[in-house]
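Paired with chain B in one complex and with chain C in the other, chain A is shared by the two complexes that follow.
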Partner chain A sequence: MWRDSLLVAGKDLRIEARSRVGLYQVAPFGVVALVLFAFALGPDRTQMAKGAPGLFWVAVLFCTVLAVQRSVSVESVDGARDGIRLSGLDPAGQFLGKAAAVAVQLIVLEVVLGIGVVLLYGASIQVPWLIVASCVLGTVGLAATGTLYGALSAGLRVRETLLPFLFLPIAAPVLLAGTRVWQAGLAGGTESYGSPWLRLLVVFDAIYVALGIVVFGPIQEAA
Partner chain B sequence: MASEAPSHPAILLHDAVALSGRFPLLAGVDLEVAVGETVLIEGPNGAGKTSLLRVCAGLVALASGEASVLGLDPVRQRNQLRRRVGLLSHASHLYDDLTVRENVKFAVRAAGGDTDRIAGACERWGLAGRLLKTSASKLSAGQRRRVALASLTARWPELWLLDEPHAGLDASARDTLDRLIGDAGAAGVTVLIASHETEFVESLAARAVTVTGGRITGARSLGAPSLGVPPLGPPSAGGLTGGPTDGLDALPGPGPCSPGVASPIAGPTADRPAGEVAHVA
Partner chain C sequence: MSTNQHVPAPPVQSRRSLWTTRIIGITALVATAFTVWLGLWVTPPDQVQGNLVRLVYIHPGVAWVALYLAFGLAALASVLYLWPRTRSLYWDRLAAAAVEVGVVFNVCTLISGSIWGKPTWGVWWAWDARLTSTAVLLVLFLGYLALRRVPAEPEVRAKRSAFVALFAAVDIPIVHFSVLWWKTLHQGATVLNANLSPTIHGSMAWTLLLGFIALTLVFVWMLLVRYRIGVLEDWLGTGELDVALRERQAEGASLDDDEAAA
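Here is the complex of A and B:
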């Protein structure tokens, strides 16, 4: 399973490095979203800093939809999905590999968006480990759910519109918990406030990673 | 290297029915193909030739009937089966953003094959020099077909399912393909070829079966000799060893089957004895 997941993750990351869709489309989209949020909130930097945690995670959520759609679409060209099914790769390994590739892209994106939040919104990070922990845990959860629901919508002609519809409500706990932990991380001195939300992220991740490992194969065969 | 005949046919379908929604793909197919046999599947468009190959590859599950492919249940043991089967379909299964070499390498590594065979297989299909580093998106349809065939050649599975294999190939590549199918048959590989262009295939196959309306409606003998026995030796990265496979020693790369993949003459598989047939009610 681990060998297969490394193989699939390596393939997906190589494809992304070649196509540069993440660099030229997904990351700029995230930055544009942050800028537009800033316009909507007005010139008051205090208000922008206050809204920064939520706006960061909303931008990450939207970018996740794009990254997952891209991950699904590379398997839909020239019968590639049949090709990967025919290879006999362990479905759990495929799930972990595709989710890992999405997670790597999201981590890079979150660094870019994090810098954007600090520069644009004037947010200052008081408890860095809370910020890092929420990003890592949130990314695992988003990548796992995104990959799972991406597989679910893969065989459908309406997958571009169906995926956000399926994924965004399911990812709401990540948005909520990530925002709360970021609020604690930016406000400082309230680490205990962030801990329950981190635990929620851990549980969310465990559920969706385990679910993906179990059901990715049957979903793939049915798609 | 001594080898013994397997206790099961390469393909055994009995009253096989496959559906796509409520549309019948196969409507009660009975087919038995011996290990090492090359069989032409012929029939008009929409007859069920491609569906038959996809059932054999474990891509389409049976709604009813019985199926055993290489002694495995094509549904319950699909992952084991797929590593031992190569399907050349209308699609090339290539990733546009990967190079030719990366595509072949991924296909071989994913199937647990030997990457040492990639260079020889690519060379055999005229994929050399700058072409190896060319992105698949820049290839013509014929070149994409060659890459798919190079992947198959490098993997060298035990069962080849070829769907219109000559389509899109130029005369030189068609000759290469014909030689490859002949070599595979001589090495004891089981080959099923679905084709309209029977003039290209009749000399390669031992018999032809006709599919019409999702059923086998006819069968005839053809010219090519059929081994019908498995002369497969153990996996070899450098070439083939002994017996009927000697004629392939000059080939660049492929051995009789991919390392890490069980030989068809191996004994019972993980959770089901060889030759056991899947029963679907």
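Here is the complex of A and C:
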């Protein structure tokens, strides 16, 4: 399972490294989203700094949709999906691999967006470990749920429109928890305030990663 | 040549199930009428809330059906469909019917809650934990219905939908806890914590109970009817294809005859 997941993750990440879609399209989209939020909130920097945690996570969520779409669409042509299924790779390994590849891209993206939030909104990070922990845990949850829904919608012609509708409400707890931990980690927050939310993220991650490992094989049959 | 003779007969509903549905429907109608009568004319207005209290005979019942009965049933039926030993399209149709009726009840929950909220809290919508979880639940199951509208083979659609229902059902407790903390950790007591649950007794309690029973019966009736529609839809889907195939074959056969004659 682990070896298979490394193979799949390596494949997806190599495709990304060569095509640079994430770098040239998804990451800039995230930055555009940050700028648009700033326009929506007005030029008041204190208000922006206050909204920074939520806006960061909303931008991450939107980018997750794009990253998952991309992760599905690279396998949608030339019968690649059937090829992978015929390859005999363990479905659980495939799930972990695809989710890991999405997670790695999201982490890179979050670094970019994090810098953007600090520079553009004037948010100052007081408790770095809370920020890092929430990003890692939130990313695992988003990548796991995103990969599950990506696989479910893989064969659908209406994938582009249906995926965000199905995925975003499921990811609502990640948005809530991530935002609260960020509020605790930025200036003006209280540190103790973040820990229940981190636990919530751990539970969310554990449930969906476990679910993915169990059901990814049957999901591929249904797609 | 008449093609009608090729149309497969619609699946017959047994007399027993037909009558069960009818009796439940009539009972639901009577119970609802009684609830309306008791709720609007017999019970007294509340000392604090006045006539607004009458919503309490409807709103909790609708919410119970929407949040627990319908979506619980849908989750259960979906799991039973996914479980290989109990896999059957019956569970799929039942889940679909439960979600569809549940969404109607969910919308009614939100609407009746809003009607009560505006005069009581002064706002149509409060970002209270329950309201927010109810809204998220609605969106999750609207997604389920959207997925079901995507044309697919019945088995593929059933499996796909069952997975989405399962993921959504797993998400609901997490959503509930997160929005609960979201409120309680973020700010102090919410509006709902104010003394809004006065002890009720006498005719009010009975009306409330009857409201629950009436709405549950309405749900069961709608579920049975929707299930039957699902059966007929499936029959129509396969039947139409059969008819179309036979028509094309008949066309081909008549062309062959013409060629043979010429």
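Here is the rule we go by: the second predicted complex is superposed on the first by the 221 of 223 C-alpha atoms of A that agree within 3 Å, B and C clash if a C-alpha of one lies under 4 Å from a C-alpha of the other, contacts with A are read in each partner's own complex, and residues count from 1 in each chain.
Please note the rule applied: a residue touches a chain if its C-beta (ideal position, glycine included) is under 8 Å from a C-beta of that chain, and two chains touch if they have at least 3 such contacts.
Worth saying up front: this structure is predicted, and the values here are computed from it rather than measured.
J.: What is the contact status of A:Leu7 with respect to chain B (first) and chain C (second): first, second, both, or neither?
T.: first
J.: Which partner does A:Gly79 contact after superposing on A: first (chain B), second (chain C), both, neither?
T.: It touches chain B, and chain C stays clear.
J.: Comparing chain B against chain C, which has contacts with more of the residues in chain A?
T.: C
J.: Given the touch rule stated above, what does A:Val203 touch, chain B (first), chain C (second), both, or neither?
T.: Touch partner of A:Val203: chain C, not chain B.
J.: In the superposed arrangement, which partner chain does A:Gly88 touch: chain B (first), chain C (second), both, or neither?
T.: Only chain B; A:Gly88 stays clear of chain C.
J.: Using the superposition on chain A described above, determine whether A:Phe165 touches chain B (first), chain C (second), both, or neither.
T.: In the superposition, A:Phe165 touches chain C alone.
J.: Does any part of chain A touch chain B in one structure and chain C in the other, and if so which residues?
T.: Shared contact residues on chain A: 221.
J.: Inside the complex, what are the residues of chain A that reach chain C?
T.: Going by the criterion above, the answer is residues 145, 148-149, 152, 156-158, 162, 165-166, 169-170, 172-173, 176-177, 180, 193, 196-197, 200, 203-204, 207-208, 211, 215, 218-219, 221-223.
J.: So in the complex, the part of chain C that touches chain A is made up of which residues?
T.: Contacts found on chain C: 82, 136, 139-140, 142-143, 146-147, 150, 156, 159-160, 163-164, 166-168, 170-171, 174-175, 177-179, 181-182, 185-186.
J.: Over in the complex, which chain B residues touch chain A? Could you list them?
T.: 57, 59, 61, 78-83, 85-87, 89-98, 102, 106-107, 109-112, 135, 144
J.: Report the residues of chain A in contact with chain B in the complex, numbered from low to high.
T.: Residues of chain A touching chain B: 4, 7, 11, 14-15, 18-19, 74, 77-80, 82-91, 221.
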